[in-house]
Amino acid sequence: MKKIIALVLASVMLLAFAACSSREKGDYSFADGDQYEEIGGELNILNWGEYIDPELITLFENETGVKVNYSELTSNEEMLIKLRSADCIYDLCFPSDYIIEQLIAEDMVLPLDYSKIPNAKNISERMKEFTNVFDPGAKYSLPYMWGTVGILYNTTMVDEEVDSWDILWDEKYTGQIWQYDSVRDAIAVSLLRLGYDINTRNEAEVEEAKDELIKQIPLLQGKGTDNIRDFMINDKAALAVLYSGDALYCCDENENLAYAVPKEGSNVWFDNVVIPKTAKNVEAAHAFINFINDANLAARNTEFIYYSTPNQGAIDRLDAELVEDEIFNPSDEVLSRCSVFHDLGSFAEVFNKAWIEYNTRSGK
Amino acid sequence: MKKATKSLKYVYLALMLFFLYLPILYLIVFSFNDFYNPSKHKDVFINLSKWNGFTLNNYGTLFKGAAGEALLLTLEIAGISSVVATVLGTAAAIGINSMRKRTRTAILNVSQLPMVNPDLVTGITFMMLFAFINSILIKMGLDQIGDFIKLLIAHISFSVPYVIFSVLPRLKQSSDMLYEAAMDLGCSPMQALLKVVIPDIMPGIASGFVMALTMSLDDFVVSWFVANSPVLSVHIYSSARMGVNPALATVIFIPLVTLLLIVNLRRIAREREYEIQNKKVKLKDKAQ
Amino acid sequence: MKRRAFAYPYIVWMILFIAVPMLFIFYYAVTISGKLDLSVFWDTLKNPVNWKLLLDSIVMSLKTTGICLLLGYPIAYILSNMKKSVAGFISVLFFVPMWMNFVLRTYAWQAILNYVLPSIFGSKGTFTGTEWAVLLVLVYDYLPFMVLPLYNTLSKLDKSLLEASRDLGANGVQTFGRVILPLSVPGIVSGITMVFIPAITAFTVPVMIGNGNPDFFLYGNIIEIAFKQPTPNYAGGSTLSIILLISVFVSSLIMNRFDKEQIQ
């Protein structure tokens, strides 16, 4: 019996090793020949799942002697719940734009000490116009990854040019459309189509956007998040609201797919790194921010995550084909149409109420 | 006729088992799928809908990052919490069964709370509770409760009811006379319990244990709210943004099933041997 | 030592880790940032949408429980007539799939329902987003919780009773209806408890398999939304949980009565 167990275990291990050795590692040297001092202690990071190249963490641990504890989450709301908890332990986290605005307003994050982050120079100037909206002067946060929201469509099913959100309400495509399953994104699509601001504080506009969304329900194949990708890749749907990072991957997998940011404009989103007030190892947190902004390492990290990077140094080191891709690296013309989400403060309740009414097809 | 109904029964069982194992088989097959697409930039996303070819790579990348630690933590928590829950729950069921109806109903109603509460609410209440306890501990200058203990307490709490509710029906069927008889024959209550009652309700305890183990291995929401360090399910769920490596599931599943098969098949084989011997003895007796 | 005493450690545990956390729910339902405020509590209670969702969820859960009972009873019955060691082993086999992560299993079902089954049936569409698909996966998730308690009860039935019934001239159907079924009520009740109650709040499966269709937006989803907002609505979410708890309490009272009647 013991022999059998040992045999099973041994073969599993062998399998793992055999597979391990077949992988090659990329270039993980420092772009500017940086030196890191021994810091020690622990660094508690809260981030989205699989949202960093694991090699980077190992490398950072070896360089600084800091033990990194990496926790994962699936939504910004969960991040807030964790950060608000009385026994919060995090030294670093990666929330999105409007959440950062809220964190700053609630005095939950520490200002960054730029003398400890020389690699901040790598951040593209182009980003600042947007990040200044929620964090003026990048006082508290540095962009980590970013992207746009747009329409992914199948060119074999959609003959016309896709340049407007209107197409998502076209009865021709009944049962072939996917809406995005999140409050801000779905309502933003409807607001933009009606010509309103995505950060509107006008109750009537939100109400109208909601009514339009309810009208759209019979046309939908569904609303979803990560699962939309498979439907598009397998030619099961014609049109979908999707993030650019996901769209990029889908287009790689299925050459019939194309992505467009509609003329009415869209949302551009950012995931930034911040240091929560609860941080105990502020030294290591700064070192880590500097570390992930190293041009070479940021390039590796971008290849792993496959979202757009705000790091100009990394862009210079990435494959030209990828950099020239309009989905990965949108032109200034596209970006000029896009705006960032604001924290809505107490007005968020209006959005949430509309969202529940949409989901239950209720309301006046 | 009889044979036909018998085989019909087996066909039904087989069909049901196939239904339950279908997604598992699917995942096992896809854990050998080559998600890497050489003409493209990166093989980050994992797509369960397209077969590209055979590879072992998924097992190689398995323990990169947080997965290894998450797996270990999951196994530790599941092992300890299910054993504690089984002991605690069995004792509770025995006690509850001999209580007056009103007390019993009251306790059972409270016990149902973790079963009925949405995971989300359970998770959030536990988070509030531990934050509250820790803030008191800090004021008293003591160490805070760590992740491991938090997870353990939460997992025990939500699996105990399942143990109680699988042991209780068994106890209701089991006659009180057995226990009384054992006491009359000079057993202490403890002995009576261990030697008479427990063996009688063993199947209930066993299924309670299996359920507790299952609840613990399967939990995601509660663990996420309670602890900062991820258990495997939390790791898998939060990796959804990039696709989930199906090898992560098979790597915990296959060793457990192998172990289960070995233990059970041996037991069944032993029983058969025993039966054959019995028959031989009987035959001998008849011959004499 | 009284046998009752065996329950004491659990009762302490129950109070500390099941009852006290519940008090937090009640506290949050009637306070807003630390002050007593019943406005959200009453609004939530008065909102007909919440009650409609609760009803929808109960209906969905009843369907799930019904199918589980129909599929699970024969399984348990067949197992109870098999050799103990083999049957015990197979009953565990019914549980083993649950050891593979819930999220991954649901992903696998998505793939099967969208790509494997349609290609087998030569359909170009997908099967997710339909009620039968949602029920299929819900039944899949809860079936083992029905089979195990049923098997436990059935396997303990006194076989001599069945023989007696047959000797008295009852046929198979009569024996089943008059003897086996009534005697297996404790198992049925605990099976129903283990399926019906958790299935009311199942919300991930209806969303993931239902393609986010509003038809499958259930009570659990509305609780989730309440707690998972940038500014969580603790009062509303807690009130919703309390409504749920009370409904479950009522339904378990009904169930207990049923159980009691049978025993008498």
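Worth a mention:
Should a chain be cited, it is by its letter among A, B and C, assigned in written order, with residues numbered from 1 in that chain.
Assume contacts are C-beta pairs under 8 Å (C-beta built on N, C-alpha and C of every residue); 3 or more make two chains touch, one makes a residue touch a chain.
All values reported here derive from a predicted model rather than from experimental measurement.
Counted as hops between touching chains, the shortest connection from chain A to chain C is 1.
Comparing the CA-atom centres of all chains against that of chain B, the greatest distance is found for A.
In terms of C-beta pairs in contact, the better-connected of the chain pairs A-B and B-C is B-C.
Chain A and chain B have centres, each the mean of its CA atoms, that are 35 Å apart. Annotation: 16 Å between the Cα-based centres of chain B and chain C.
Looking at chain C, one finds that residues 110-111, 114-115, 227-228 touch two or more other chains. Taken residue by residue, chain A touches two or more other chains at 78, 81, 230, 234, whereas all remaining positions touch fewer. Counting partners per residue, chain B has 48-49, 124, 132, 237, 240 as the residues that reach two or more other chains.
Against chain B, the residues of chain C that register as touching in their complex are 1-11, 13-14, 17-22, 24-25, 71, 74-75, 78-79, 83, 85-86, 88-105, 107-112, 114-116, 140, 143-145, 148-149, 151-153, 155-156, 186-187, 189-190, 193-194, 197-198, 200-201, 203, 220, 223-224, 227-228, 237, 241, 244-245, 248-249, 252, 256, 263. Put simply, chain A touches chain B in their complex at residues 1, 4-5, 8-9, 12, 15-23, 44, 46, 48-51, 54, 57, 69-74, 78, 81-82, 85-87, 89-90, 226, 229-230, 233-234, 249, 252-253, 303-306, 319, 322. For chain A in complex with chain C, the touching residues are 75-78, 80-81, 98-99, 102, 179, 181, 217, 220-224, 227, 230-231, 234, 236, 343, 346, 348-349, 352, 355-362. Within the complex, the chain B residues that touch chain A are 37, 40-42, 44-45, 47-50, 55-66, 124, 127, 130-132, 134-135, 144, 224-225, 228-230, 234-235, 237-243, 251, 254-255, 258-259, 262, 266.
Chain B makes touch with chain C in their complex at residues 9, 12-13, 16-17, 19-24, 26-27, 30, 48-49, 88-89, 91-99, 105, 107-122, 124-126, 128-129, 132, 153-154, 156-157, 160, 162, 164-166, 168-170, 172-174, 179, 189-190, 193, 203-204, 206-207, 210-211, 213-214, 217-218, 220, 232-233, 236-237, 240, 244, 246, 248-250, 252-253, 256-257, 260, 264, 267-268, 271.
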